[in-house]
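In what comes next, subunit A is part of two complexes: it sits with subunit B in the first one and with subunit C in the second one.
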Partner chain A sequence: MKLLQYLGSRFVAYIAVLFIGVTITFFLPRLMPSDPIEGYIAQMQNQAGQTITPEAMDELRVQLRRLYGLEGSLVEQYINYINKVVLQFDFGPSLYSYPRPVAEFIWTALPWTLGLLGVSIVISWIIGNFIGLLAGFFHNSRFATTLEVVGVVIYPIPYYILALLLILQFAYIWQWFPLSTTIRPGPLTWEKVNAIIYNSFLPAMTLIIAGFGWNILSMKALAFATKEEPYVVFARLKGVKPRRIMTRYVFRNATLPQITALALSIGTIFNGALLTEILFSYPGLGLLMRTAIGSGDFNLMYGTIIVSIVSVATAAFFIDLIYPLIDPRIRLR
Partner chain B sequence: MIRLNQLVATYTTVRGTVKAVDGVDLEIPSGNIVGIAGESGCGKTTLLKVIYGDLVYPLALDSGGVDYVFADDDRQEVTTETIQQYWFKRISYIPQSSMSSLNPVVKIRKQFVDFLEPKANKEETLDRVRQFIRQLDLPAEALDSYPHQLSGGMRQRMMVALATFFQPDIILADEPTTALDVVVQKGILLLLVRLQRQMQNTVLFVSHDMGVHYQISHRMLIMYAAKAVEFGESAEVFSAPLHPYTRMLIDSLPNIGDDHMRQGVSGRPPSLWDDLRGCRFAARCPLATQRCRDEEPAFIEHRPNHFAACHYAGDELPKVEPSA
Partner chain C sequence: MRLNFRLKLGIIILLILTIGSFVLPIFTDVNPSEQGTYFKNMPISRDHPLGTNSIGQDIFWYLVFSLRNSLVLGVGVSFFAVILSLLLGLSSGYIGGVYDRVIMLVTDSFIAIPSFPILIVLGTLIRGQTSFWYLGTVLVIFGWAWNARTVRSMALSLREREFINTARFSGSNTLEILLQEIFPYVYAYLIVGFINSILFVINTEAALAVIGLSNVEVPTLGSIIFWALNYNAMFIGQYMWIVAPVVTTVLLFLGLFLTSTGYNQLFATRRGHS
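This part shows the complex of A and B:
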């Protein structure tokens, strides 16, 4: 019962976030003071001079309005928009590479971003929390203090500086990894997998290192506090072996707030991933977003924004679904 | 029997070290419930920790030692340094915050056996545990629950079950029932008494409640400011206390039908950080003389098996009119 309640409330929150996100992306361009269609037409007129007749101009205007989904009243537009975007996942054609649909670009880019992000979040969470756990649990040992210093040093470095430092060292000075990503399209062969790993290594590294500084510090604090909990003290008094106290008693409990924190920070991590892709010309959503902005491709821009919102909300929702698996107080009454 | 030899235990703090148990020297006979009473901060928990051998920073044994008088497998004498291997097998501990002493995210079943050797037959042990907890009015399914699914009283029973299942020689219980309501509390205490009678273990039982001690303790140890001030058979300690502090504690007990306020215990114990001279109770004692303030009374056997640390042990207290 309690579990259903929990899942229900999470699901409602998830849907609400999606709805609000999609609605905002609908209104945002419509609140902009400049009309992109008039801008486009003015541009055309400048280039073509008098050769376009007013009739052809009006025709063009109608065409463009349909392309951008700007026909009819605001309510009609909104219903139309929800219908297309949410139900058919159709963001219209790309305006820059007309008439290829935006969805096509997004479907090619999304796996790259999700793969990069998924792998680096999992690795940085595991390594960071493991180091943090050791540092907090053996807080008296010199070894643990050294581990903590890693977190203290890494944590405050702004993400882009860290990324640039890594690029400078590994790609420019040592040339271990490529400066920018080049992966030829084609079927998934061994060579291609190798190429993907080789090209993704450095971007993933920057994300992992940027993420685990925080994981180390917060896990260290949590483990240190959990160690004083009566149930941990009692485990020691029972004569449970220290390693088991660390895993079954301290980690199992300290990990709960860490998972909540991960769900809350997934948006920030996603931002980081977008930036990484731009820095490494990594063919994911972030790079696509930059292309869209650079070329004034509105449909592509809003498409990538909506997919970002959906991705972040879905990831957070999945983490919420995992939570009851490790906390029986939510699972069972 | 447990023999405490001039135990001195200290806590290390930023201000320096403080003696939380200061020269306790007595012999606890086996098969008894020994009640330990005294005001907050007098060193009851510290004494239990020392006996249990849980000497971790900041607590350390300064001098003295404990003889447990049970030999280990190699016929070596067990000391506070080697008692750890017998934790929850021959000596067990119910800590002061026992309501929250079970891991909230792990099934109780696992917490019952996770301190056993890896080669122990855990399934077989758990079958016996299931049998055992039924005697303790716990449903067998309670073992398969998480702590939050049990009521406070059941959790407490589970702690008692844990502490008694392996039939240890010694059980240390530090205010095991303080967080519970009176009815549940009584049930747990009766259970503890019943199990003790069956198994004949030595139970050291800390409580602030002199009424509870009167009901269940065979012997009483009264502590004051890190020292043992009185130790003897409960019946005698309650009927004819030797130390004025014990008398104050007993007098603070209400009698049903009493229509005026009982005398509370006025004043506070001295700080352990002060330079303590003479009898530590002197400042609050109605019998105190110059001798009490200068000379520390020895802890001696005034009557057979009845010890006290008071120059005027057993002397009549001046009558104090109860304030209406």
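This part shows the complex of A and C:
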């Protein structure tokens, strides 16, 4: 019963994230002082001199409004938008590489982003939490203090600075890794797998290091607090070995808030991944977004944003679904 | 009141950076963004503490103005974001019920939504005319949620305390209780939240600027890196152009973070003793 209640509340939260995300994406650009269509028309007039007649201009305006889904009242536009984009996942054709559909580009880019993110989140979560556990459990030793200082120094460094430092050191000065990503398309051979790992190393390192700080610091605090709980003291008095206390008694319970925190911070990590992809020219959603912006391809831009919001919300929802497997209190009661 | 080491170090870093970036501009009449003010690619000297870059700007002065602008934006936006989170968090925790549930649903959604793609679009649509006012407003919209969550859980735990009931039976109304009884407990968290929010704002603006989607004509910690990358500073050996802002950003963020966690520690010990 409690499990059902939990799942229900998580599902409502999932829908809320999707709804609010999509709504903000719809309304913010429309509340802006400038009109992208007038901007586009002014640009065309500049390029064409005065050769376009006013009638042709009006027709162009109507066509553009239809193409961008800007016809009718704001409410009509909104319903239309939800219906098309959210329910049917139809983002229309790419305006730059007309008539290839936007979805095609997105499906090519999405696995790159998900792969990069998935691998780096798992690695940084496991290593970061392990270091944090050691630092919290042996909090009196000098070794633990050193680990914590590492966490404090790494945590506030933003993604783009980490990316720049790694590029500067490993790609420019030492030239161990490439400055930007070049992976030839083709079947998945052993060579290609190598190329992917070689090219993804620096972007992945950026995301892993950026994730360390938070995991170390918060796990350290949690492990330190859990260590003083009565049941841990009891286990110690009973004569349970310290290593077993650390893994079975402290770690299992300190993990729970860390999983909730991971679900909440997926969005922030995703933001960092987009930026990292752009800086490394890594062929995922971030770079696709950058390309869309560079070429003024609005359909592609909206497509990437909606897919971003849906992926992040879904990932967070999955973590929420895993949670009862780890916390028996929700499952059994 | 004994300050702990973290807080001391953090405050010292912040004071040096803040006073430096606000006082130094008084002594110069140079417009740091103007190209060709000086000779290009000059080495470090007494006149140019960090040299000049390949478009003839003094790197040191550009950095000073960048730091000042980033700080102004960060503090300004955080001020409004914190007020918003205070209003929503306090009322949500104290009133409870359906109101609380709806507000928390919205809050959690704002935490979970990846803000960067949305900011990227806005940055594109108003490219070139991105006014800092508009950018600031959007950053407020994305910056209040974490704090609101903390404030709300504070208010929730305080609501059940004895002195709140005493105040209620003495005839205080909801607003009076919120301001006179609960706020004094919450303000320490607000200071921490305020500092964290400055971190978020400066970071987000800089991230947008680095990929050219903020107003890069205004010197900020991000736009200086944008121009350095744009003119291939690394390839032409202009290390100072890119290393100086990187070091400054890391120092600033470390200072902010140390201050916020140090203050948290200080407040935790004080609460333990009282």
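Points to keep in mind about this one:
The rule is simple: the second predicted complex is superposed on the first by the 316 of 333 C-alpha atoms of A that agree within 3 Å, B and C clash if a C-alpha of one lies under 4 Å from a C-alpha of the other, contacts with A are read in each partner's own complex, and residues count from 1 in each chain.
Quick note on the criterion: a contact is a pair of C-beta atoms (placed from the backbone, for glycine too) under 8 Å apart; a residue touches a chain by one contact, two chains touch by 3 or more.
Everything quoted here is computed from the prediction, not taken from an experiment.
Placing subunit B and subunit C on a common subunit A by superposition gives a fit, with no clash between them.
Once the two complexes are laid over each other on the shared chain, residue contacts for A:Glu229 go to subunit B alone; subunit C is not touched. In the superposition on chain A, A:Pro185 makes contact with neither subunit B nor subunit C.
In the superposition on chain A, A:Leu237 makes contact with subunit B only, not with subunit C.
Using C-alpha centres, the superposed arrangement gives subunit A a vertex angle toward subunit B and subunit C of 80 degrees, stated as a multiple of 10.
Look at A:Pro99: by the touch rule set out above, it reaches neither subunit B nor subunit C. In the overlay built on the shared chain, the residue A:Pro54 is in contact with neither subunit B nor subunit C.
Of the two partner chains, subunit B is the only one touched by A:Arg329; subunit C is not.
Touched residues of subunit A were counted for both subunit B and subunit C, and C has more of them.
Of the two partner chains placed around the shared chain by superposition, subunit B is the only one that A:Arg252 touches, whereas subunit C remains out of contact.
Across the superposed structures, the minimum distance from subunit B to subunit C, using CA atoms, reads 15 Å. The interface of subunit A with subunit B does not overlap its interface with subunit C at any residue.
Residues 6, 105-106, 108-118, 120-122, 124-126, 129, 134, 138, 141, 199, 203, 206-207, 210-211, 213, 222, 225, 234, 242, 246, 249-250, 253-254, 256-258, 261 of subunit C are the ones that touch subunit A when the two sit in their complex.
The touching residues of subunit A, counted against subunit C in their complex, run 12-13, 16-17, 19-21, 24-25, 28-29, 32-34, 36, 152-153, 155-161, 164-165, 167-168, 172, 263-264, 266-268, 270-271, 274-275, 278-279, 289-290, 293, 301-302, 304-305, 308-309, 312-313, 316.
Subunit A contributes residues 229-241, 244, 248-249, 252-253, 256, 326-329, 332-333 to its touches with subunit B in the complex.
On the side of subunit B, the complex with subunit A involves touching residues 52, 54, 84-85, 87-88, 93, 95, 97-98, 100-106, 110-111, 114-115, 146, 148-149, 162.
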